[in-house]
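Each structure below appears as structure tokens.
Each of the two complexes below includes subunit A, the first together with subunit B, the second together with subunit C.
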Partner chain A sequence: MHPIELLSITKRFKAAEKGEEEITILKDIDLNVVSGQSTAIIGKSGSGKSTLLHIAGGLDSPSSGKVLCNGTDFATLDDRKRSMLRNKHIGFIFQANLLLEDFTALENVMAPAMISGQKEKDCRDRAIQLLERLGLAERMNHIPGKLSGGEKQRVAICRALMNRPDVILADEPTGALDEENASDVENILLDLVREEGRSLLLVTHNQDFAFKCDNVYMLKNHSLNPEKTKK
Partner chain B sequence: MFGLRTSFRYAFSRTRGQRVTSIMILIGIAVGLIALLVISAVMNGLQNAQLDQLRNLESFDLIVTSDRLESSDINYIAGVDIAFNFMETNALVVDKTSGNSQSTRIRAFDIDAIQDSRMSESISLLSGYSDKPEGLLISYTTRKNLGIAVGDDIQVTFLKPGKTATIVPYNTKMHVTGFFSSRLTEFSTSTMFMDYDKLISIIGDSDSRIAVYVSGNQKNVVKQILALDPDAVVITWQEYNKALYSALMLEKTLMYVFLAFMFLIICVNMKNSTRRLLVNKQKEGAMLRAVGMSRRSVNRIFLTQGMIVCLLGEVLGVIVGKIVIANLQNVLAFVDNVVYLVTKSRTVLTQVPFNASIGNIEILLVCLFIFALSTFFTSVGCRRIYKSEIMEVILNASY
Partner chain C sequence: MNPFVRLWSLKRITKRGRLTSCLILIALVMAPLVCALIFSDSMMEGITSKYIYLSDGHLQMEGIRLDEFNSKVLPSVSPGMIYSADEVTTGYALMYSATGTSSVMIKGVSDSYFNELRMQQVSFDYNTEESTSSIRSISISAATAKKLQVGLGDRLALMIVPDNPDKVLRPVLVRIDAIFRSGYDQLDELICFLDLSYAQELYAEKSSTSIEILVTPEYMENLGAVEEKLGWTHDVTEWSEHNVSVYENFVTSRQMILIILLLVVVVAAFYTASVAQQMIQDDIQEIAMVKLIGASDTLVRRSAFISVYTVTLAGMVLGIILGLIIGSNLGPILSLLSSMGLDSLTFYLLDFSITVPWLYIAVISACLMLISFIAIQIALGKTRRITPIRLFTSL
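So, the complex of A and B:
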């Protein structure tokens, strides 16, 4: 059983105006995110990379096909159960880090664990440990407005790892960073995923970053084509 | 717990002026509530003062009509302060010296009852005596109308049952033994007092009834009277003053309705504030859903932030309102002094003594109403936004 399995995923968007045809973004895509491995999806802007990632995380629904998270089909779950499944098994990192503006870095990292009802002390200990590992010990009590872009993205990585999920889904995690910060975040993310033994599904247009992963797929003409595969 | 913490942070979020908006709404609710509580307490005070006068003078607490019961039987009932026989009849009073006349209601009872009951709180004896059985106690207003003094004789025409006719007039001369005043002007101008036995000797005792002042539970007293005589007719002060009582209740209800409009305005602001907060925080809301919060829980955060603002406003309003009510005479005196400084004339604010009061149940009901109203409007503000997919919000939201 894989942390994420995509089975024959097709995604079509309705036409903006009457009379126009539906737009197909993804067509019959199969993908297994293998446990403990990192997988990158590359492709041109607008090719559907982010859509595929969001479908994989249950943030969007496919027009047809199935998404299994640890063997459970997202489509069979109601909103509450789907949310619980995401909370337990999936960590998200977005291009725009999407931190809670009114919470400190520490509280932001604690959020997924607090949502799942874990004890506050345990959440705090784990969050501090993660933030210290990412060099944010001095910044943990700052609100996001007082953090730099790179720091914010590192907080987002900590948050994604907080609940020890089976898989991290990262959507252009370095897209909004300068070269130096981007390189830092890339290394931190890949190191942490390896250290913690998690799977990673990464969407990026940065080929260098992508080829640091175990598997690389190119999304082209609505289909996934393997570029690099770990045996 | 995390949801509640998030609600609190959102309610007073520093981002995009949310904190100022929430504080303004909180103050609006507090000020509205203070106004409602103080006005209600003042109305209660004035109404209670009026109703107390009516109960003390006009209707007593209970009026019992019974063929079997004596006042002494009722005096034994637990919760009864005092019960005494009384009678009333209409008469024409003429001052022979001046020729002035006036129709009046004569109330007769054991004159000692005035001293022994709550009636003494509402009647002031201005001059003369109240204990001469053959005399009349008249109001100061009537004295002025008729132009008479203590010790004068006046002619009183009663209507009494006749031998051949149903009712016949009966003229007698009576001594004016004293003047009284009360705060019920209508009562003072229309009523005279005389001794119960004297009136019985003139018109008989067929209209005799028993007046009861109650210090305990009125319902229990009524029950016990009816247990002693199931055929007795017991009229409570609420029934006796039904028209006025209903009018006072209507007045209060209407005041609440009008003041509720003020809260409607505040609540519309709450709805708009919640909607603005939702727009400001929609990406965060979507992120919270992405990391495992259900749609319902996210909606609850926004609903709860409105409830927090409302509750804090209510707590502030109740505390300040209670302080103002407890010190209302001082507040009115202060306002009076300020007005005097400006206009050099006194207001009527301090001239009518009353005890402003409001019950805890009334406060609770007002608070619950405001809370329900604000929650409803906040929930209206919460609708629709999170119906879209998380991804759409993350990709398309402006904030």
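So, the complex of A and C:
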């Protein structure tokens, strides 16, 4: 059983105007995110990488095909169960860090664990440990508005790892950072994923970053083609 | 409570005073409502007391003299039920001064009539000049004295309206030896007091005489029990039966005030729903983010509900406290307004003890909380349509 399995995923968008044909973004895509391995998807802008990631995370529904998270089909779950599955098994990191503006860095990191109903003290201890590991011990009581872009992204990584999810879904996590910060965040993300034994599904157009992963796929002409696979 | 719900709700409540306007509005609605309830209830209680203590007593027994009451009726009543029982003769008269006329109710009372309880409701100014004439004394109200332009020591002509239609109208001369004021001019200008024996001379019919009974404070809310003990020989009536229109006016006024206040509360409750709706509109991104990290719609709604409901509750409590503070000081405020020449206040009782209608306040508060509860829940239904994917479609 894989943390994420995409089975024959097709995604079509309705035409903007009447009479025009539907636009196919993804066609019959199969992908297994293997436990403990990192997988990158590269491709040109507009190729459907982010759409694929949203479908893999249960944020969007495919036009046809199935998305299994630890063997459970997202389509069969109601809002509460789908939220719970996302909360426990998936961590998200996006280009725009999507932190809660009124929460401190520490509270942002604690949020997923608090949502799942864990004890506040346990949440705090784990969040502090993660923030310290990423060099944010001095910044944990700052709100996102007072943090730099690199710091915000590191907070987002901590948040994604907070609940010890089976898989991290990352969409251009370094896209908004300068070269130095981007390189830092790349290394931190990959190191943490390996240390914590998580799977990573990364979407990026940064080939250097992608090829640091165990598996690399190219999304081209609505299909995935393997570029690098780990035996 | 889920720790995240608690934290998020707290963040929202304290966030840049966004919900402050809601708190202030609810407080500003509740304060006058509580004040209006205190004013109307205290005023009605005050006026009722004036009618009871100066006009009719708690209970009245018709056509019986005091000695008969004391010997036959009183022994059947449990000790501690009756505070006082006084023989009273009542009739009507036209009162003339050199400059005016007034129609009044003459009450013949003995010296013991103005006991401690009655004296709490009325104050007297007495004529200190000794009189050598045989003209009888009368006590009139300050309102009547003003109307007839007379004062202590002045004389008045009373045209006695006979209790028997066969008798003829006859005038008598009286001297004003006391002027009283109860604070409620509407009632004061209807009554004047004469000595009981003289009133009985003027109104000789037995039907003009009755026993005015005041019950002890423990039985004031349970007049029926006293009535039951007394009523086996003679008819017993309550003050409300003698003043049906006044009593029904009070009942109707109370109901109307409560209905109007409830309507105001409904509007305020729906305002809280619109605040909730606006909050959801402002927080679409934040809600989508929270849903992205695994919060269910129920959790999102619960947090938003707690934020708005807590502020509504706080506003309500603040409003009640403000209303109680202002309401408890209504006497001085009304006196000040009256002294500033607000003529309409002369129709009200300005000096009354404050009664806090806790039951009505509880009803109003419960309505506010219940209607806001439902209205906010309906308003929060919108959160269901906010999905994490909105984060990316709106970026």
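Methods note: the second predicted complex is superposed on the first by the 231 of 231 C-alpha atoms of A that agree within 3 Å, B and C clash if a C-alpha of one lies under 4 Å from a C-alpha of the other, contacts with A are read in each partner's own complex, and residues count from 1 in each chain.
Following the convention adopted for this analysis, a contact is a pair of C-beta atoms (placed from the backbone, for glycine too) under 8 Å apart; a residue touches a chain by one contact, two chains touch by 3 or more.
In this text, all values refer to a predicted model and were calculated from it rather than measured experimentally.
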item	value
When subunit B and subunit C are modelled together on subunit A, clash or fit	clash
Contacts of A:Ile168 with subunit B and subunit C, given as first, second, both or neither	neither
First (subunit B), second (subunit C), both or neither touched by A:Leu106	neither
Touched partner set for A:Ala210, first subunit B, second subunit C, both or neither	neither
Which superposed partner A:Leu68 touches (first subunit B, second subunit C, both, neither)	neither
Partner chain in contact with A:Leu59 - subunit B first, subunit C second, else both or neither	both
Subunit A positions touched by subunit B in one structure and by subunit C in the second	50, 54, 59-60, 79-80, 83-84, 86-88, 92, 94, 96, 98-103, 111-112, 114-116, 120, 159, 163
Contact footprint of subunit C on subunit A as seen in their complex	50, 54, 59-60, 79-80, 83-84, 86-88, 92, 94, 96, 98-103, 107, 111-112, 114-120, 123, 159, 163
Complex contacts: residues of subunit B adjacent to subunit A	1-2, 6, 9-10, 13-15, 283-284, 286-297, 389-391, 394-395
Residues of subunit A that touch subunit B when the two form their complex	50-51, 54, 57, 59-61, 79-80, 83-84, 86-88, 91-92, 94, 96, 98-103, 111-112, 114-116, 120, 159, 163
Subunit A-touching residues of subunit C, taken from the complex the two chains share	2-4, 7, 11, 15, 286, 289-299, 384, 387-389, 391-392, 395
